[in-house]
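Okay, got some structures for you below.
What follows is chain A paired twice: with chain B in the first complex and chain C in the second.
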Partner chain A sequence: MQIYLPVAELSANWLLLLGLGGGVGLLSGLFGVGGGFLMTPLLIFIGVPPAIAVGSEAAQIVGASVSGALAHWRRNNVDFRMGFVLLAGGLFGSTIGVQVFALLRKAGQVELIIALAYVVILGAIGSLMLVESVRAMRRQRLTGSTRRGKLHQHTWLHGLPLKMRFPKSKLYISALLPFAVGAFVGLLAALMGVGGGFIMVPAMIYLLGMPTSVVVGTSLFQIVFVTANVTFLQAWQNQTVDMVLAVLLLVGGVVGAQFGARLGQKLRGEQLRGLMALLVLGVAIKLAVDLVVTPQDAFSLGGGRAH
Partner chain B sequence: MSRAARAAALLLALLLACARDAAAQPLVADLSSHEISITTGFSGTELLLFGATEGEGDIVVVVRGPAGPATVRRKSRVLGIWINTDSVRFEGVPSFYRVASSRPLDQVGTPGMRQRHQIGVGAVSARPPEGTSPERLAEFRDGLVRAKLREGLWNDVPGQVSFMGPKLFRTTISFPPNVPTGIYNVEVFLVKDGREIGAQTAPMRVKKTGIGARIYDFAHRHAAAHGLVAVLIALAAGWAASAAFRRS
Partner chain C sequence: MSSEAGGHHQRVFLVVVDSSPEMKVALRFACRRARATGGRLAMLYVTEPAAAEWLGVGEIMREERRAEAETRLQELAVDVREMSGDVPVLYVREGDPADELLRLLAEEPTISVLVLGADPGPKGPGPLIAALSGRLIGKLHVPMTIVPGSMTSAEIDAVT
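And then the complex of A and B:
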């Protein structure tokens, strides 16, 4: 049952890894998210070094997103023009992120920054989602139908220069906006080992004002290339990509996602979002507690092994 | 040949050798194998060390993995959260350490002798940077030992060297799944009245073999190419896995 992970240099139970991949895949199929934000912390909990967890998880997300991206492309659900602007930002952000990662690793602070990033981002996203889904559920109970607010509000964001037309999304906005969104998500992808769909999708809907029909396809398109960039750079500069680990998680994940997607069709949207919010908050709280609770031993060996 | 059979054969050969050279050498010992191969299914292993002594005494076995630098970090509380705030880099620290003895370590030899031969975790070499204060050194050295014990790479409870009759002894040395690769040094001491009256060293090697070794080499020697291949494998595996699932 044990398999030696050659780059991580540790031996793990391959059934456990397949199961983890399957479990997270099930949830990601159910909620329509990539699952990187669950997988990376889980890998760290079972003893995979954080740097290896982040690098290998990026490779897993490439594989997990490619079939979805292709499917949306076939159904013509990708705004390529928007996708390329997001991607340009994403490549910029993730390349910087990998350099920052290497510096943090040398300084012995990479675990801390990964954990803090998770606590802050997941805490914020989880709380927003929870509030939103509770409101939606309450509203539905009152009026019997879900209603959405005004989609297209004009703010200072629309006064930015470099305006660009995105016919597919029916938008005329500054290219700086999607570039910045892409760069921010790319940075997080490199630091946290996530695809960033859970930030990208809300940002596309609420910040950019894109129609929901092209949001998921465009986000997947961008995620494939950004996580491919992260995988390449992490492997090249930090040697922290373990392909044996990534492929095991990937196989479990693809199978799990198929079941999750079927299960998801039987549940209502607000309930799903509520459950998802609780899950996201749960991970954030667990990581926050680990940061605050007095460690069993204040001393640790760190900074990566000397190769 | 199974490991046990091989060990038995070696033991027999050794006995014959002992009978011949008994007068010449106070101590003869050998390992059941001088090489550990980390294969894809590797989940740790054990080696048998056995030997014979001429005359009475205690046997101490010390196994050390390749030495290198080790950075020990200390966390302290900053604004409510625990952050690495201090570190000491030790040089010449064995990546792996095992000790085994026929009697409790404090009853074998003298403190000076144990320090000299790195017998017991307290005596394992770890050179601090110059100018480290004694209190700070003690704290960080203890931290290093605890971290190594947690990883299962050092042991503080000595293994048992058992005698079969007055002259033959044996012990097993266990290697965890995360055993570091490189050249190991196995030392066997015969100690009597606080002095070592015989010593023998045997080198040993831990290496990766098979596909795992090749992947590791590729990932470290051709990191950029490995990155490209990793992306391609991820793309292909993701596409293939979902295609296979859709068809079935």
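And then the complex of A and C:
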């Protein structure tokens, strides 16, 4: 059952890796969002070095996103014009991200930064999701209706230069906006090994004002090429991509996502979202605790734990 | 909905709305049949479930899809009124089309006939007819009329 991961330099149970891929794939199929945010921390928990977890997870996301992106393309749900601007930003952000990653690695700080980034982002997203699902459950009990979100509010963001027309999204906005969104997500992709749909999709809706029908397809289109860029650069510059690991996770992930998507059609979101929020928070807390506890373990040679 | 006083049962023809050309053919057939038999039209639009559930994204998706569904049904309702002489009953549901269709039929015993258009192409009649004439047929409790999508308006008018 053990398989040697050549780049991570450790042997792991391949069934466990398939199962991890499947479980996270199921969740991402269910919620329509990225496995990366959960998978990278889980890999760290089972002992994969954080830098390798980040690089290999990016490789897995390339594979996992391709089929989704193609499906949305076929259904005409991709705004390519917007996608290319997001992608330009993403390539810029991720290329810088990989350089930063290399510098941090040289300084010996990359593991700390990865863990901190995850604690901050997972903590924030988990808390927001939890608040949201509690509120939604209460509201449903009271009225059964949802609030009206207001799109297309005019702010200073609409005064930025380089305005561009995006007919498919029915928008006329500064190209700097999607470029910046893409760049930020690209940076996260490089530093954290995530696709970033988790952040990009809400940003596309609230910040850019895109119609929801093209949001998921367009974000997947960007993710495929940005994570491909990250994989290539991480493998080339940092040697942190373990393809054996990535392929095992991918196989499990593809199967899991199929089940998740089908299950998602049958189940209602509220309770599930609450569970997902708790899971995300749980991972953030475990990472935070490990950050504090590990040094104590490192000094207790062979003996019992410090407390 | 209409009453069923005196045991009089108004025949209700249900058409499932999608973006296919054969749906329009089925709609025309159902309208003509309803007019001829003193029946009424009902239309079901099944929206896709929200693909994501966080930061309010799911709610906005749901709202936009529902608004889209309502606009489309309102447009078609104008045609229906012209063709059948009566305003149709409109239903909007969210989920898997076949599941939601069966659920609606179970909830609304007033619906008496299901009218679906078949894709005349080589890929088969379409997912709904394929499912309902296959593995789900046991769950269907009303007759299903299949209208070939290749029929012209004149041909439909001739048989109704």
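Everything that follows uses one rule, which is that the second predicted complex is superposed on the first by the 289 of 307 C-alpha atoms of A that agree within 3 Å, B and C clash if a C-alpha of one lies under 4 Å from a C-alpha of the other, contacts with A are read in each partner's own complex, and residues count from 1 in each chain.
Please note the rule applied: a residue touches a chain if its C-beta (ideal position, glycine included) is under 8 Å from a C-beta of that chain, and two chains touch if they have at least 3 such contacts.
All values derive from a computational prediction rather than experimental measurement.
Chemist: Would you sort A:Leu10 into first (chain B), second (chain C), both or neither based on which partner it touches?
Modeler: first
Chemist: Which holds for A:Ile96: it touches chain B only (first), chain C only (second), both, or neither?
Modeler: It touches nothing on chain B or chain C.
Chemist: After lining up the shared chain so the two structures overlap, which partner does A:Gly108 touch, if you call chain B first and chain C second: first, second, both or neither?
Modeler: A:Gly108: touches chain B, not chain C.
Chemist: Check the residue A:Gly264 against both partner chains and state whether it touches chain B (first), chain C (second), both, or neither.
Modeler: In the superposition, A:Gly264 touches chain C alone.
Chemist: In the overlaid three-chain picture, which partner chain does A:Val244 touch, first (chain B) or second (chain C), both, or neither?
Modeler: first
Chemist: Contact-wise, after the overlay, does A:Arg273 reach chain B, chain C, both or neither (first, second, both, neither)?
Modeler: In the superposition, A:Arg273 contacts chain C only.
Chemist: Under the stated touch criterion, name the partner, chain B or chain C, that contacts more residues in chain A.
Modeler: Of chain B and chain C, B contacts more residues of chain A.
Chemist: Enumerate the contact residues on chain C facing chain A in the complex.
Modeler: Per the stated touch rule, the residues are 49-65, 68, 95-96, 99.
Chemist: Please give the residue numbers of chain A that touch chain B in the complex, ascending.
Modeler: On the chain A side, the touching residues are 2-4, 6-7, 9-11, 59-60, 62-67, 70, 108-109, 112, 116, 224, 228, 231-237, 239, 241, 243-244, 246-247, 250-251, 254-255, 258, 291-295, 297-303, 305-307.
Chemist: Hey, which residues of chain B end up touching chain A in the complex?
Modeler: Going by the criterion above, the answer is residues 38-44, 68-77, 80-84, 87, 139-140, 142-144, 146-148, 150-151, 177-178, 180, 208, 211-213, 215-216, 219-220, 223-224, 226-231, 233-235, 237-239, 241-243, 245.
Chemist: Per the contact definition, I'd like the list of chain A residues that touch chain C in the complex.
Modeler: Per the stated touch rule, the residues are 31-33, 125, 128-129, 132, 136, 146-149, 151, 198, 201-202, 205, 211-213, 215-216, 264-266, 269, 272-273, 276.
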